[in-house]
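Should a chain be cited, it is by its letter among A, B, C, D and E, assigned in written order, with residues numbered from 1 in that chain.
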C-alpha cells in the first residue's frame, strides 16, 4: 500500500516534470522539471531496492548532468522563454499522433504479458557490495570499456569546445 | 493492490514517449537533448523494474552503464552545442537547415 | 592439336586490350598495327574453330569447364555449337574491319582500340558461355566499352545516346539477372545444389506459370537487345551517334546477342512458354519488320535509315526463330550472320562518306555516283544484299525464314513478306537521292572516291556476302543439327509438333498421300 | 580467470594503446604529425596482426569470453581484420586532412582510432549492454569527427544533427534492449538465444517489439531508410577526408552487429523480422536511388547511394544465417569502394571541403586520369557492372533473397540498380565525355602518395574480388557468428 | 553435253565478271565483242545441247550442280527440257543479236564497258530463270533479272527520270515478287519442297483445287509484275528511259516474258484451278486491249512500242490462260523477234535523229534510212498479223484456240480481235509518223543510215520475224507444226486447248487478217498530212476519252496520289510523330519520370532535424505496428 502511494505520488511528479521539460517555453524551467523527474526515478530505484544506482542517479544525473545543462543554457544565453510556435507543417500533429500510437502499441504489449522471463521470488538487492561483485566479475570488460568513453568525452570536449588558447599557440 | 513491475514499465513507456515527443516538438537543441536524457531515464526505470521481476541484479548494473554513457554523451553533446551555438545566442536547431534535399 | 581455342578466342583480344593500353606513349604509331594484328589473330583462331568444327554434331564442342565461383555453382564453362559458331566467326571477322575503318581516329586512339578489343573478347564470350552467370557477365560488361565508344568518340548527341543505350539495355539485363537467379534457386531446390550450368538447367522441371514469368524476364532483356518493337528506340540513337566501328559492331554483333539469347535460352529452357508465346513474339517481330521499314523510308539521315533497317531485319530473325520450324530457325541463325555483314558494310559505307562530308543528311548529297563510282557500286551492292536479293546472302536467310514460318504463322508471314518490298523502297529511294542525278552541290563535286584501304575493308565483306549467297551449304549444314536439337527438345517437352520437319522433305514421293 | 582473454581484446588493446600514445606524445613532445601517423599505423598494424591471430585461434575454437561479454569467433575476428585494414586505408585517405589540422591532428587521429575500437567491439559484442557501449564509443567519436571542423558551418550543422538523431536512435535501441530483456530475462545475446530455444513464447509481443527497436537502432547506424535522414547531411557536412570513413566504418560495424543480433539471438523468429527487414531494404533501395538521381553534389549522391546499398545489403540479411556470408562480402567490398569514392572527392573538392558539386568533375579524365579512372571503376562497381565486386555482391545477395522467397525484393532491387546506373554513369559522362571538358572543371587534381596507395588498394580490392571472389568467399563463408 | 549445261549460264556470267573489272579498260569495241561472243557461244552450246529435242529423241533431264538451300529443296539444279530449251535459245539467240547491235548503238558512251557488263549479267540471270529446276532457283533468276533491269533502265543515272524509272521498275516488280513469295510459301507448306519434280508432277496428290487457286493466284501476281500485266503494268512504259537495246532485249523480247514462261512451266498447277486459268486469260485479254488503246495516242517512238509489248504480252497470257501453252510460248518466241526488231529499228531511228524520241519531229525517214525502213516494214507486217509473217501464225493460233474454248472465252476472243484491229491502227500510225509522210525534223538534225553492226542484226531479226512463223503452221508435210512437236514432251501430262474442228480456224484467220488490214488501211488514211501526230484515231482534239487515253488513264497519277503519297505520309507520321513522340516519348517519360520522382522526394529531406526525427520516429512506430501485430495473439 505504501508502495502504491509512493508510485502514484512520484509517478505524477515524474510525469509532470517531464511534461514541464517538453512544454515549458523556458529551458531553465525545463531543466528543473527534468531534475524533478530524475529525482522521482531515484525514488523508484530505492523502492525497487536499487540503492546504489539510486545514489548514482542523484549524484551523477541530478547533480552533475543537470547542472551542466543549466550551465550551458546560461552560457549560450538561452535562459529565457522562447516561442513555442510551430513553423514546421505537420510536425506537431505527427509528434502527438506518433506518440499516441506508440503508447497504444506498448499498451498492447502490456495488455498481454510485459515480462515473459521467469519471475523470481525476491527482488535483487542492489547494494554497493552486490553491485561491485557483479561489476568486477561479469561486467569487467564493459567496465573497462567505459574508460574509452571517458577518453572520448575528454578528447571530444577538447577538440570541439576548446578555443583560443592552444590555437593561438599553434599559430605562433 | 500490489505495484508490480508492469506499473513501472508503463510509467517508463509514458516517460519514453514524452521524451520522444520532446525531440519532435522542441526546437531548442538543449531541450531536445534533455528529452533524450529523459528517454534514457525511462529505459533505466524499465531495466530496474524488469530486474526486480526476474530477480536479476544485472538490470541495475546495466543502468549503471547507461548512466556512464549518458554522462559521456552529455559532455560531448554539450561541447558540440557550445561550439555551434555559442556565438548565435540561440539554440534553435531550426536555424540549422542549410544542408537539405 | 589440343589447346583451349575457345578461351583463346575470348582472352586474346582482352589481353590485346591490355597490351595496347600498355604501349608507351612515344610508340603511339604501333597502336593500330598491334590492335589489328591481334584482331587478325583472333580471326585466325575463329577460322580454326570453323574448320575443325564437327558439322554433323548438334551438341556443344570444344567444351571447357572449370569451376570458378564454386560456392554458387558458377563455372567457367564454354562451348560452341552450330548456332554460336558463326556468330563467333562473324564477331572475329568484323573486328579487324572495324579497326581498319578507324585508323583516322584522332582522339585517344589507344583507348579506342583497347575498348574495341575488350568489346570483342566480351562479345565472343557471350556466344560461348554455357554458364548463365558467365553469359550475364559478358552480356553486361560489354556495355562498358560500348558505352565509352559511343560516349567518347560518337557524334553530336553522343551523351544522350550513350546513356540511353546503357540504361535501356541495363534495364533489360536487370530482369535477366532476376530470371537467372530465380532459375538457379529452382535448381537448388530440384537438383540439391546451386548451379547456373546451362546444360544442367535444361533438366529442370519448371512449372508452366514459372516458365511464363521466366520467359518474360529473359525475353525483355533480349527483346530490348534485339530490339523488338516497341523497345527499339535506343537503337537509332545509339547507331547514329556511334563512331563507324561502333555502329558496325553494334549492328553487326551486339544486336545478335538478343536473338541469340532467345534461341539459346528461351526456346530451350522454357519450351512450354515458347510454344504458347511464339505467336505473340512473331507478331511483335512482324510489326517490327513493317514498322522499321516504314520509318526507314522517310528518315532524312542516312545512318538512321540504316539503323531502322536493322529493326526491320532483326524482325525477320525473330520471326524465323519463333516459327519453331527447322527452316525458320536455321534461317534466323544465318540471317543473323547475314545482317551482320550487310548492315555492317552499310555502316562502313556511311562512315566513309561521313568522313568526307561530315554530314549524314541525305539531302546534302545527290549525284555522287558520278564522282564516286566505286563507292556507289559498293553501296548499291550492299543495299541489294540488304534488300534480300537472291544470289546474295540476305536472301538465303529471308527466304528460309519466310518459307519456314509460313506453316506456323501464315497471316503474319504474309505481312512480313511485304517487308521485303519496303526494304527495296527505302534502300533504292535513298540510293536515288544520294547517288543519282547530276552532282549539283559544290562540296559533292569535289568528293574523292574511296581509296585502296577502304576498298580493302569492303572487299572481304563483299566476298562473304556473295559466298554466303551462292553457297551457304557449309554454313547451313553446321547450323542445322544444332537447330534440330532445339526443335526436338521443344517437341519432347511439349505436345507441339513442328511443321515442315526436314525428314518430311526427304519422303519418297510414292508414300505421300494427299 | 579463464574468462579473461587478452587475445579476444587484443586489437582493442592495440588501438587503445595507440590512442593513448598519440595523445601522450602530442602533449609531451609536440612532434611532427608524421610521427603521430606512424604511431597510429603501428597500432593498426598490431591490431591487424592480432586480428589475424584471433582468426587463426577462433576458427578452430570459437568461444565467448569475459563472461558472455565478447565473442572470440571467426565473425568477430573477421570484423576486426576488415576494420583494421579499413582504418589504415581511411587514415591514408584522411592524411591530407590530418596534416592541415596542425596541432589538432593528434585528437583527430585519436578519435579515428577510438571509433575503430568501438566498431571492432561492435562486431564482437555478445552482450546487449556491451553492444550498446561499443555503439556509443563508435557513435560519439563519429559525432566529434563530423563536427571536427569547428569553423565550418556545414560541419557544425552536421554534428548537431548527427548527435541529436544518433542519441535518439541510441535511446530507441536501448529501449529495445530493455524489452528484449523483459522477454528473455537475459542481457546476453547468447543467453537470449538460449532462452528462446528452450522456451516457446506464448506471448511474443514484447520480444518482437524489442527486436523491432533493436533493428531500428542498428538500421539507423547503417543508414537504412526510413532511418536514413541524417546520412546525406552528415556525410556532406563532414570534411570530405573523413566522410568516407564514417560511411564505411559505420556500415561494416553496423551490419556486423545487426547480423549477429538477428541470426544468433533471434534466429528462430526469422519469419517475423525478415519481412520487416525486407521492407526496410526495399524502402532504402528505392529512396536511396531516387534521391541520388536528383542530386547535383557528389557527396550527397554518394550518401544516398550508400542508403541504397544499405538496402541491398539488407536484402542478403533476409535469408538469415545463410545470407550472412554474402552480407559480409557485400559490406566489405562496398566499404572499400565508398572509401575510395570519397577519397577521390577529397582530392577534387579539398580534404576539408564539405561541398563537391558535380560540375567540378567535368573533364577530370584529362586533368587527372588516375582519379577519373578510379572513380569510374568505383562507379561501375557500385552500379553493379560485372567483373567488379559490386556485381558479385548483388548477385549473391539477390540469390540468397530469392532462395529465401523474397523474389519481389529482388525485382525491386534489380530495377533500382538500373535506375542507379543513371547517376553513376552521369559522373562518368562528366569526367570522360563532357563536351566542355577543356574549360570546365575547377577541382584539385594533385594526388599525394598516401592517397595513391589508398586508391590503388581500393581499386585492387574492387577488381580482384570482382573477378576472383573465391578467396574472400572462402573467408566470409566461415566468418560466421558462434 | 547436258552435264555441262551450266556453261550456258557461266559464259555470260563470266563475261559480266570479266567486264566488270576490265570492261572500262578494254573500251570500244572490245568490251562489246567480248560480251557478244560469250552469249553467242552460249547460244551455240544450247543449240547443240538441244540436238536431241530436234530429233524428238530427247526428254527432260535435271542436272544437279550443288546444294544451295537444301532444307527448302531449292538447290542449284538445272532442268533441260524442250520448254527451257526454247527459252534458252530465244534468250541467247535474240540476245546475241541485240548485243551485237549494241556495239554500234552504245558508241561513244563513257560507260561503254559497264553497259555490256550489265547486259551480260542480265543474260546470265535470265538463263538461270529459264533453266531452274525449282521455284527457289527460278526466283533467283526472277529477282536478278529485276536487278539487271534496274541497273540498265537507270544506266544513264545522271538523268533523274532514268534513275526514278529504274527504281519504279524494281519496286513494282517487287510488289509482284511478294505475291510470288507468298505463292512459294504456300507451295512449301503443302509440298515441303520447291523442286519442280515434286511440285509439278501430279500436284493433285498434295493439294486441293482451293489451295491450287491460292497458289496460282499468288504466282500470277508475280507474273503480272514481271510481265507488266494489269494491275502491275505501269512500270514498263517508264522503263523506256533505258538505252534502246535494253528495251529490246529486256523489256520486249525476254525478261517481260518470264511471267508467261512461269505460267507455262507451272501449267500442272494452274490446270487444277479453272478460276485461276480464267483469271490469267481475262487479265491477259484486258491488258491487251487496255494497252493497245493507250498506244493509240503515244507520241514517243518507244512508248508506243512499250504499250504494244504490254498488249502482246496480254495475248500470251490469254493463251496460257486458255490452256494454249504451246501457242503462248510460240507467240512469245515470234514476238521476241519482231518486237526486238521494232525496238532496234526505233533505236536506229533515235540514233539517227540525235536521240530524238518524239515522233512529231520525225517522218519521211524511209528515204534516208532504207535498210531500217525495210526491216521495220517486215516487223510492222509481222506484228499486225499479216500472213505469212511470224505474227500472223502465232497470234492467230491463240485467237483460234481461245475461240474454241467457248463461253467466257468467246468474249475474250472478241477482245482479242478488237485488239488486233487496234494493233494494226497504232502500228500503222507508228510507221506513218516515223518513216512515211513528210519530214518534220528539227533544225540541225541530219538523219543517216546506221552502221552495219546495227543493221545486220536488224536484217537477221527481220528474217526471223518473216520466216519463223512457218515452223508452226497447222499443215502437214514440210509445214507441219514442228514447234508444237518440239515442245510436246514438256506438256505431256497437261490437258491442252484444242483448235475448233473443221474450217472454223480458217474462217477465224480470215476474220483477223481482215481486221488487221482494215486497221492498217484506216490508219494510213487517218494519219496522213499536217499535224497527224496530234490526231486521235476517231474524233478530234484532246477532249474527253482521248484526254484519258493521252494520260494513260491517269493510272500513274492515281497510284501516286492514292498509294505512294498516303504511304509516305503514313510513314512520316509513324517516324516523326508515333515513333519519336509516342514510343520514344514514353521511354523518355519513364526516364524523366524517375528523375522527377527524385525531384519530388528531395523536398522531403527538409534539412530540419526535427523533421528527420519525426520520420525516424514514424519508422519506429511503423516497425512496431508490424512486430506488435505479429506478437499479440
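Here is the rule we use: a contact is a pair of C-beta atoms (placed from the backbone, for glycine too) under 8 Å apart; a residue touches a chain by one contact, two chains touch by 3 or more.
Remember, predicted model here, so these are calculated numbers, not experimental data.
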Query raised in the report: If you walk from chain to touching chain, how few steps can bring you from subunit A to subunit E?
Result: 1
Requested in this report: Spell out the chains that contact subunit D while also contacting subunit E.
Outcome: A, B, C
Report summary line: Chain with Cα centroid nearest the overall Cα mean is chain C
Report summary line: Looking at Cα centroids only, farthest away from subunit B lies chain E
Query raised in the report: When the contacting C-beta pairs are counted for B-E and for C-D, which pair yields the higher total?
Result: C-D
Report summary line: Outermost chain relative to subunit A, judged by CA means, is E
Query raised in the report: Where the centres are mean C-alpha positions, what is the separation of subunit B from subunit D, in Å?
Result: 26
Report summary line: Per the C-alpha centroid definition, the whole-Å distance linking subunit A and subunit C comes out as 70
Report summary line: Chain-centre distance (mean CA atoms) for subunit A and subunit B, in whole Å, is 5
Query raised in the report: For subunit C, what residues touch not just one other chain but two or more?
Result: 167
Query - Numbers and ranges of subunit A residues touching at least 2 other chains - result: 88, 91, 94-95, 98, 102, 105-106, 108-109, 112, 114-115, 117-118, 138-139, 142, 146, 149, 152-153, 156, 160
**Report entry** Of all residues in subunit E, the ones touching two or more other chains
**Finding:** 591, 602, 605-611, 613-614, 617-618, 620, 624, 628, 631-633
Query - Pairs of chains, among all present, that meet the touch criterion - result: A-B, A-D, A-E, B-D, B-E, C-D, C-E, D-E
Query - subunit A residues touching subunit D - in the complex, by the definition given at the top - result: 105-106, 108-109, 112-118, 137-142, 145-146, 148-149, 151-153, 155-156, 158-160, 166-167, 169-170
Query raised in the report: Hey, which residues of subunit C end up touching subunit D in the complex?
Result: 68-72, 133, 136-138, 140-141, 143-144, 147-148, 151-152, 158-159, 162-163, 166-167, 170-171, 173-175, 177-178, 181-182, 184-185, 188, 194
Report summary line: Interface with subunit E, subunit B side, in the complex: residues 20, 23-25, 27, 32, 93-94, 96-101
Query raised in the report: Mind pulling up the subunit E residues that touch subunit B in the complex?
Result: 602-603, 605-610, 613-614, 617
Query raised in the report: Which subunit D residues qualify as touching subunit E in the complex?
Result: 160-161, 164-165, 168-169, 172, 202-209, 211-213, 215-216, 220, 225-227, 229-230, 232-233, 272-273, 275-276, 279-280, 287, 290-294, 419, 422
